[in-house]
Amino acid sequence: MSNVLLEVKDLKKYYKVPKGMLHAVDGVSFNLEKGKTLGIVGESGCGKTTIGRAILRLVEPTSGSVIFDGVDIPKLNKQEMRHMRRNMQLIFQDPFSSLNPRKTITQTIEEPIILANMIPDPDKRFMRVMELMDTVGLAERLVNTYPHELDGGRRQRIGIARALAMNPKFIICDEPVSALDVSIQAQILNLMKKIQREMGLTYIFITHNLAVVNHFSDDIVVMYLGRLIEKAPPETLFANPLHPYTQALLSAVPVPRIHNRPERLLLRGEITSPINPEPICRFANRCNYALPICSKEEPCLIEVEPDHFVACHIVKRG
Amino acid sequence: MEIKKINEQENTLEIKNLVIHYISDEEVVKAVNGVNIIIKAGKTLGLVGETGAGKTTTALSILNLVPEPQGKILSGEVLLQGRSVLSMSERELEVMRGDKVAMIFQDPMTSLNPVHTVGRQIAESIEIHRKVSKQQALKQAKEMLELVGIPSERSNEYPYQFSGGMKQRVDIAIALACSPDLLIADEPTTALDVTIQAQVLKLINELRQEYHMSMLMITHDLGIVAEVCDEVSIAYAGRIIEHGTLEDIFDHMRHPYTKGLFNALPDIGVKRSELKPIKGLMPDPTNLPSGCPFHPRCDYVMEVCSQSLPENKWLSETHCVECHLYKDTNESML
Amino acid sequence: MDETVQKYTTRKGFFKQYKKKSRLQETWNRFLRNKLAVIGLFIFVFIILAAVAAPLIANYDTDAIRVNVPSRLQSPSAKHIFGTDELGRDIMARIVHGARISLVVGCAAIAVALFIGGALGAIAGYSGGKIDDVIMRCMDVFLCLPDVLLALAIVAAFGTNLVNLTIAIGLAFTPKFSRVVRSAVMTVRGVEYVEAARTIGATNTQIITNHVLINCFGPIMVQVTLYVASAILTIAAMSFIGLGIQAPIPEWGNMLASGRVYMRDHAYIVMAPGLAIFLTILSLNLLGDGLRDALDPRLK
């Protein structure tokens, strides 16, 4: 059990909006072991981006605990939190807007090292920057270039180098390849896997792309409207998805094959509002298998088979 | 919408040797470098390519909307049902756009006017092209909304009241309002969630089958191509480097870039330890490589590849490829 | 790490190998392509040079200040290029010395406004919420009053010396700058690289100085040139009604005021200062517009 690096318990993030309370993340819990990758999948409005930010305290969680390496993150003060940040980093989705356009690559990668005062000597620091650039596959001649001179793939590599600069233990990757071309995506994903192996990193991989998360994760969490509705390792999840939403999600992915095309399960209706949600199954209005109980009670997350958790009334009944 | 009478002989769209460059003081962007496209009546062509392949520029040329003054059509023809688009007068173009050819764009957020109701925006197209009164146009607009799966009562609502998927449906309604012969869809589902994408693709499929519409589906997603298209053209650096039916491309792909694209895709059914990416970067359209534009990234590169452009070789009646590897092959060798 | 030590020498040596491509150079090139902006630049530089070289062109005491009644109201000639005014002083001498005053007071006033207004605007824009509301409502109160009136009120209360005038005009323009800086900061605040800076542990102050303000530079610079023009106009207006620079110190506004009565028969008396004001404002505006277009991040 001491292998667990991150323990998220009943994490909630609510926003106050004119119409009431917006439940962006509504009581999510999971454990993440050291060296593993957790994939968080869902569509827009499911809360996957918010939960990433909440774990890093870039937005303040409304309630719940985030225990990282034994330390309860939301309870730290400003000073302690800044120190803690060295261990937990974030790779952003948009390689265009996540880099300061007025700073060269070197300045961007160097900044975290300077802020943490890790290497006071400028020459040694510079060598560390070159080492990082080498790790992520950026040529040395790019040392003085600005982000706008480079393409998306290279910019994302800068983002990765910046995240690695402080030697973190844990990195949250928020849709790191969604904005890139297909042929470049594979390059970046392979790079991230390689770095994980070499540095013993732990990842949370947030994406809406199921094919990518299959390739990349050890365990997958499916979110819908702020709640965790299914959790299982990729082999189990893809072979035997239990929650109707997961089933629909998987079948909705366009398959690049013309033979043996899977049956398409289409959802009806639209996603309900995350503002002041009722304590019922939030997926009920779109579910093809909805029972009366689904509109009355909220289902809890239960372990249906080893390592496979689902929050669904139908599955409980077996 | 009226169901068109098909003239089986006629190709809805023919693009021949199109070359379009964007010329500015500092540089020349070679966006399109000799593109050949044929879309037969009632068929759907998938135009597949990544950034910089020249897909959007090609699509804009069909409507003669390539941005001027930088965009210069240096050579080539664009024939819509036999008529040359590039030599049409402004008036003829206005008649054609919306009526014969319609376009759906990638981002449903920005392609709708926020200050008009959706009903009005659909009706606008009808009013321009058909000689009907405002009320008649609005009535037809409501029918279009029902057709795309939106209750007609919502025709008085404004775009902000609709979700992304529904906005894209409204876009489709506007595009189809005058029963165009050719629908150009430029990455219509890229900005949508995957479950909504499935709904929209299903809708597009149903409509095109029911109304025998020809369609140009521009996408980078081979999964969408498998779902919706009859034929596929693979674009790279402003050229069509491979073309064929679905079977030709999915089962018998030939060009190294096409193979690379398939290998780089994580398939949801198969878990591999490492993806096989295509090495190198997308070519810079202001500084294209010599000879075959793909040669710096190609695993099968030969000396001739950096020296001359490969010619188009027909491997079968439907399947052609531009690659030096197949210069002297015939079908039996493959 | 040892390999790395051998591979790279010092940072400076490495940087020498790969020269930085300057954004400044690109911006300058874009600026040069705008013909009107270049004309504006030329005129403004000319005015600055004239102001700087004023003592060389004409002696302050003998030509600009000393009353010389016998040579009063002379038309432009070889000896007096713009003629002489009603007290016999060489108009050109007064114009070039007046340029010094206008430019110095104008720029100093805007510097004051930029400093105070900029700080307030940056804090308001970055903090948001109640702090933003409080600061902005205070600024709104001052924005309601026309610049000239506000400056007049201050000067009338505290006296009409140069320092007071500078401060008065500076304070009058402060609310305008606070708005400009605030909106620039707000645009940048939500950007991802600011969030990225927070993930690597930067404090709010570090973020504002290191990331936010650097990227606001462009729009702020443009406003500076435009507001300097406004400030110069305000000084002239205030001097015109007698509450700005006092006689006998030459200033374009008070030259217009005193020459007004002679306008009908001796037009040159007002044409010269009028033209000076016109050219200064025009050149600054063209410059500002050109800067705005050149700094426009069309390149992505």
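Chains: A, B and C, in written order; residue numbering restarts at 1 for each.
FYI, a residue touches a chain if its C-beta (ideal position, glycine included) is under 8 Å from a C-beta of that chain, and two chains touch if they have at least 3 such contacts.
Since the model is a prediction, treat every value here as computed from it, not as a measurement.
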Thinking of each chain as a vertex joined to the chains it touches, would you call that graph a line, ring, star, complete, or other? line
Where the centre means the average of the CA atoms, what chain is farthest from chain B? C
Taking each chain's centre as the mean position of its Cα atoms, how many Å separate chain A from chain C? 49
Averaging only over C-alpha atoms, locate the centres of chain B and chain C and give their separation in whole Å. 52
Where the centres are mean C-alpha positions, what is the separation of chain A from chain B, in Å? 32
Sort out for me which residues of chain A touch chain C in the complex. 56, 58, 82-83, 85-86, 89-90, 92, 94, 96-102, 104, 111-112, 115-116, 122-123, 126-127, 130-131, 134, 140-141, 143-146, 148-149, 159, 162, 165-166
Parts of chain C lying in touch with chain A, wherever the complex brings them together: 1, 4-5, 7-8, 10-11, 14-15, 18-21, 23, 191-193, 195-203, 206, 210-211, 214-215, 297, 299-300
Within the complex, chain B is touched by chain A residues 43-44, 151-154, 181-187, 189-190, 193, 208, 210-212, 214-215, 234-235, 238, 248-259, 261, 264, 266-267, 270-271
Chain A-touching residues of chain B, taken from the complex the two chains share: 50-51, 163-166, 193-199, 201-202, 220-227, 246-247, 250-251, 260-262, 264-269, 271-272, 274-279, 281-282
